[in-house]
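We call the chains A, B, C, D, E and F, going by the order they appear; numbering starts again at 1 in every chain.
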């Protein structure tokens, strides 16, 4: 029987958060840990939407915090599945920060989280395939294999020399564009 | 003037958290985002202790969530600085989960976060050097360069072909042991 | 000088929340007060986007809670300005609840909140006009006068006999369609 | 068998809250949504006390936010049932805000919420009648029919022309005095 | 100039809390620490009301937790000043727990907290005297000296042999009746 | 059968908290109630570790709040069992407050909490004996009887004249040294 398929837009989720005092450090900037917590929630919902299953976080990829987000800013997170494997999914998250009274808005972060779909007993379960539609979605889809190998190598579950996709990264600069 | 030096044990911090209902997903397991939030807090305190400065999160490395932590479990996080650069520090975090009534305890996660020390105006500022003492601390110290190059490559701030330390990873399996 | 104008889509905001244990009553259903809190946040952001100002909540219209939302459900709130007056705005909010594993999704609530745009000293300040674009937006725009009169009458700031728009409601059934 | 009766004072509840940083907006004023959340909790407890049952929020009437409440203020909410129907109750809530060091105290808000009493399976269940005692309680009791018709009309569950009690509002100015 | 006086009823505060999932331990009972937090808030407000000043917690007397309070219970705390000294006050707190659907209500705890009134710079400042009115208030007022000596002895700020009031406790059984 | 024994170090727990805005009063100092909540959590975990059981808080001894802890400070709490009885334990807690940028650190509080170990049905259950090792642990162990009598007298469960250990306090100054 043919496996069910879904588009990235089927799992797209938008979450908006207001930065409140308890979310900030002594410089009045959003703490990194709070942002990661929001990233986890929004991407878990995207993974649920793709799989129609309970999902558990499997990994969070390297996140770089370059831009300070301030108290009172509006943070918008969008997440959509970038590639599905057997029972696991990679989700791509973009974060925008906006200071509305001053009219500034910028893309502050992007990240990849992975999730495993499980049944009520917590056992991994098959999920639909993902068929990318736009050019950007295709790029994210293609880069997912490299990122997956990097995760496996970093988790000591793949030998570096077997990470063929990943090696290209260092010879051909094929690092993901996002 | 010689730069001040500190030992990893000078920045060592232990944090203990009890997993409460709002920290869990529908399987009654700790949500990954909550754990990352705790990791950020404990490692920020370690970075503060090393630098005696306000610090801001610069990055969180790839985190793999292999083990479920359950409602009612006691989570112990320890963090210490693994290497200091000019104004930035890498912090190594270990997470243990313990179900006390059933007598089970296991190392559930480890992670690396980096922080930048800043003055009151938010500008980066020099910090003490780190001098590792134990063998484990020396290993963490040595691996820090590779992890730093990986962060820079992933953040598109270093070309893959210039990441000489990192390349060894794929030829010599020198991935960090933790 | 002509007053600036904006479209409803300029202020559209989407917020997604996961129903956690502390959000629920003893029947494991989302508490009404928590939902109103989320409605207030999402509509305040919409009002900020329209006005590019700090905003304060002026009123919440009658809200009817017909459908139970359960623990673990995903709640999606969308808000957009439905009409602008001198310094105040009416915002229309729709709430959808979704149980992803069971594949059910329904429109659970709609509501109107009003906000006043203020300067840093808390004084009301002029805001752009709203120009509706779609048929639905036009309807919301038209109904805003009736709802405004109802608010003024209920707040004892308009005599019932002067509420001409509102009176039609009881003679011509022109209650807003949402 | 005669139905059990209760007095408004049997369900009277007082709740006191201190306005903390996370309850406030960027002007350091209490956010409307937080206040509505507190209103919901205090009135749910009043409804529980009248019915000795689990209750679910059925509606919140129009709330007008005229007065700013500030960080550090003490907010006192009192709630009591104003009229009981078969399985539903209307609860009247008064809110006082007090800045103790400056010695100011004022009635900042009033509101009506309705609740349905349910059994463990969530089915509506009969509740005691309410017998008003004071003049103010009688007035609240009498106005409850008008407010109920307004709720039904606004929820499209009653045709405006059938809302006889409500119509008087616009001809005789019988809007509730509170 | 005669010092201002106040009655215990001038500072009386009632706080009502609903026991939510995050307030409970793995037996679904209210955690002691949460209850102490509520006690601190309600008694701080009482101390503010007596002194019309900012107050800081000076001590919490021995608290005994004899009765379990359960998830979903309604907790009512009342606090009033029991005696005023120069700049410090003792506050008496009673806690009632109620399971409304089952119709059970009992006094679960009582406690004494002390507070110091301070000016904006944090320096202790004179407060009004307290004049007890009822017999119970007189008893609480009289016992306050004994409890104060016990606090001072336990804090090593009074030698046990100088605690004359306290010594009576062990010879005449004059321990406070509450 | 010989009863199992444990050392104080077997139950030692360290908890680290960062003082966030919502933990503070209007002077930006940590609220006493929040600190007591943290004390309860850390000492409950120590009691769990000693007994390998679910534990419930039985009492909190007199706590004196002499030192202000400020917003942004790092609070370190350590707890270990000081004496075990049949099914109850006394836990000793030390609290250190640290302002890292200014390099100040001081012992701010100490406290004793007691807990009862219970089975799943909530019934008290036997726990291991505690064998003190260091001189400080022996002192805490010895003083536990006096503190226990004080608790019983204050809770009206022992007549003052029977509290032989406690009486020494007032004749020989044997109050606990901590």
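Quick note on the criterion: contacts are C-beta pairs under 8 Å (C-beta built on N, C-alpha and C of every residue); 3 or more make two chains touch, one makes a residue touch a chain.
Since the model is a prediction, treat every value here as computed from it, not as a measurement.
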Subject >> Any chain that touches subunit E and subunit C >> reply: B, D
Original post:
What are the chains that subunit A and subunit D both touch?
Top reply: C, F
Original post:
Where the centre means the average of the CA atoms, what chain is farthest from subunit F?
Top reply: C
Original post:
Can you give the whole-Å distance between the Cα centres of subunit B and subunit E?
Top reply: 43
Original post:
Per the centroid of Cα atoms for each chain, what is the distance between subunit D and subunit E, given in Å?
Top reply: 31
Subject >> Residues within subunit D bordering two or more other chains >> reply: 21-22, 26, 41, 44, 54
Original post:
Taking all chains into account, which pairs touch?
Top reply: A-B, A-C, A-D, A-F, B-C, B-E, B-F, C-D, C-E, D-E, D-F, E-F
Original post:
Touching subunit A in the complex: which residues of subunit B?
Top reply: 25-27, 29, 31-34, 36-41, 44, 54, 56-66, 68, 113, 118, 122, 150-151, 153-156, 159-161, 163, 166-167, 169-171, 173, 175
Original post:
Contact residues on subunit E for subunit D in the complex?
Top reply: 13-18, 41-42, 44-45, 48-49, 52-54, 74, 100-101, 103
Subject >> List of subunit C residues in touch with subunit B within their complex >> reply: 20-22, 71-72
Subject >> subunit B contact footprint on subunit E (complex, rising order) >> reply: 21-22, 24, 26
